[in-house]
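Report on one structure; see the data block that follows.
A, B and C are the chain letters, set down in written order, and residue numbers restart from 1 in every chain.
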Amino acid sequence: MPKWFTPASVICALMFAVSPLLIANAPFESTMGLVQKISYYHMPSAWIFLIAGIVCGVASIRYLFQGNLSQDRLAQAAAELVVLFGALAIVTGPLWARKAWGVWWQWDVRLTSSLMGWMVSVAYVLVRKYGGPGSDKLAAGLALFGMANVPFIYISVNYWRTIHPKTSVVPKLPLQMGIPFWFCVVAFVLLFTLLLRLRVRLEEQRARVDELYLALD
Amino acid sequence: MSRFFRVAWIVLRKDLTVEMRSLEIFSTSLFFAVSVVLFFAVAFVQEGRALDGAAAGILWIAVAFAGTLALGRTFERERQAETLRALLLAPADRPAIYVGKLLGIIALLLVTEVVLLPLIAYLFQAGFFSHLLWLAAILLAGTVGYCAVGTLFAAMLVRARSRDVLLPILLYPIAIPVIIAGVRATATLVAPEFDVALARFWLSLMAAYDVVFVTLALWSFEPLMTD
Amino acid sequence: MTVAGFDHLAVSDLSRHFGRRRALSNVTFQATAGSILGLLGPNGAGKSTLISMLATLLKPTSGTIRYGSLATIQGAADMTGASASALRGAIGMLGHDLYLYPELTAAENLTFFAALYGAADPRTDALRALERARLADRAHDPVGSFSRGMRQRVALERALIHGPRLVLLDEPFTGLDDRSVAALTARLRELRGEGRIILLATHDLDLAEGLFDQAVFIRDGRMVELATQPQALRTLYQSVMGQPQA
């Protein structure tokens, strides 16, 4: 493990421990009140969900066309984190929506495309788990097509209607809300980086064990 | 380039000959599609009145399900005597083989759709046939998009374990936009007022999807098929 | 028949792993035009993996395959020399399975593959091949209705339809009766006379004895012995493989 891993893990744990206090002390949003505080965790999860998806897609393409095994390990690790952070975003979202919109779920563009993207990542994990030999290529192909699919999902769902709040509110956040928000974002980015590194490391160790078996054979 | 299309044509003609002789894939997927439509008729037609706007959705669901079945069977046929390996051994552009298989599946599904349409139109009192050219274009664009992705995945899955289960798992999340667009576009035909602008929007979305996914499939077929 | 391409096949240090399984490791041998090389070993020894790699269906993990001056495959990297499709045009392979469509007739099967290999007149090529297989009278019957021996004869002609320089045969004797074995052996000698490079994988030495110019012994993915004195194959087989042939 790299040297920074242990201190970074400690910092990350501390940040998550402190974050509820910061969020609790942040001012109430005028119209939505308490329930708005979900967004301190919801938005960072959603962003990480997106970043992990991009990492997985790019790594898959590089694996497919350059045959680089380390890219395959990265793609696999990222895909599992897409499932994790996507699940967080998709669970926290409706909790807020129930209060703000009066419904748990809306077939709005962001919700729908997130759900579809999340489904692709679940399919990716399923294929890797149950596909048997050659599933690495299959999964990479799925990730490639999943990436290409995003704009189409976005356009097609957008043509229905959209009621999700725009991300453009973020730069306009008052300072008392901005500080805890960006604090949470940093905590989530850190968590993502740590988990990704850990998961890639696991695959590296597996590959190493395979090599040792081969050497023994 | 002409060699490319020649290979695609040879593969297509071979697939059609095999299918004409056995009719296996056509008859089984058509039967399956009709059963799906009948299920929906039982569920959504009450006292002779169909649910508003259900017909377009039911058409595409039936096509998607029948398509999955047809894709699986087509490549199962290439797996039985390992003929897919023989195709990959040939000194031909591998994407040409993909194109040949793709055209075969498209042809099969289009024929299935032609049989399904009057059935759904009758059961759900849907007037699909008021704008025939639009209908043909919508069906073609949607079918091409769905099959472009499906053919690639089904070909890759030939080597995988539990391929029958994995095909829909891979295909459906990716095919969602083309199914949405297909349903919406077909719905404009059934609506009381035909909205040309709306139909055009959905049709162009499908056309764009077709172009992007066929290109991607041609580009990635070779690396995806080599071990 | 003209045979294009290369007249020398050199395999050096060829390996292929699947995860932690070593399907084949460090195989080295050479074969020249007009010779038959036997790949001998029990089932699961890695013979099929080797044949798949030679046929370009599988990429090696490491090692080199040199197809004369036509092309070179080096490890998992991309091929150098001729284009992949030019190389595949010089290779004919008869696999474990038949590579034939049971719904199509023998003539249709061969016509299809001849066309796929770019023949100018695929139909004539197909009929000629069926005559060689002594199946001209059954040309228009579906392959699915053929006996095992007849199918195998069609399958062999399918592999040879484009006059390949390198002929790869994976267990071609499986399920054949004595007459078909004799016919196949005669056909292989004929191909050798035409100056082709023939690789024949089998676990059954009885059927193939006297056919090989040299033989490679493989067991558990490793090359155990290279025999250039085919007269002593049987003794060698017993000493190398550990048990006498049943």
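Note that in this section a contact is a pair of C-beta atoms (placed from the backbone, for glycine too) under 8 Å apart; a residue touches a chain by one contact, two chains touch by 3 or more.
What you see is a predicted model; the values in this text were computed from it and never measured.
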item: If a chain touches chain A and chain B alike, it appears here; value: C
item: Centre-most chain [mean C-alpha coordinates]; value: B
item: Farthest chain relative to chain C (centres taken as mean CA coordinates); value: A
item: Centroid spacing, where centroids are CA-atom means, of chain A and chain B in whole angstrom; value: 32
item: Whole-Å gap between the CA centroids of chain B and chain C; value: 38
item: Geometric centre distance via CA averages, chain C-chain A, whole Å; value: 50
item: Where chain B touches two or more other chains at once, by residue number; value: 227
item: Chain A: positions in contact with at least two other chains; value: 133
item: Chain A-facing residues of chain B, complex; value: 149, 152-153, 156-157, 159-162, 165-166, 169-170, 172-174, 176-178, 180-181, 184, 201-202, 205, 208-209, 212-213, 216, 220, 223-224, 227
item: Residues of chain B that touch chain C when the two form their complex; value: 3, 6-7, 10-11, 14, 17-18, 21-22, 77, 80-83, 85-93, 226-227
item: Residue ranges of chain C in contact with chain A within the complex; value: 17-20, 22, 25, 76
item: Residues on chain A engaged by chain C in the complex (per definition of touch); value: 67, 133, 209-210, 213-214, 217
item: For the chain A and chain B complex, residues of the former touching the latter; value: 64-65, 116, 119-120, 123, 126-127, 130-135, 137-138, 140-142, 144-146, 148-149, 152-153, 155-157, 159
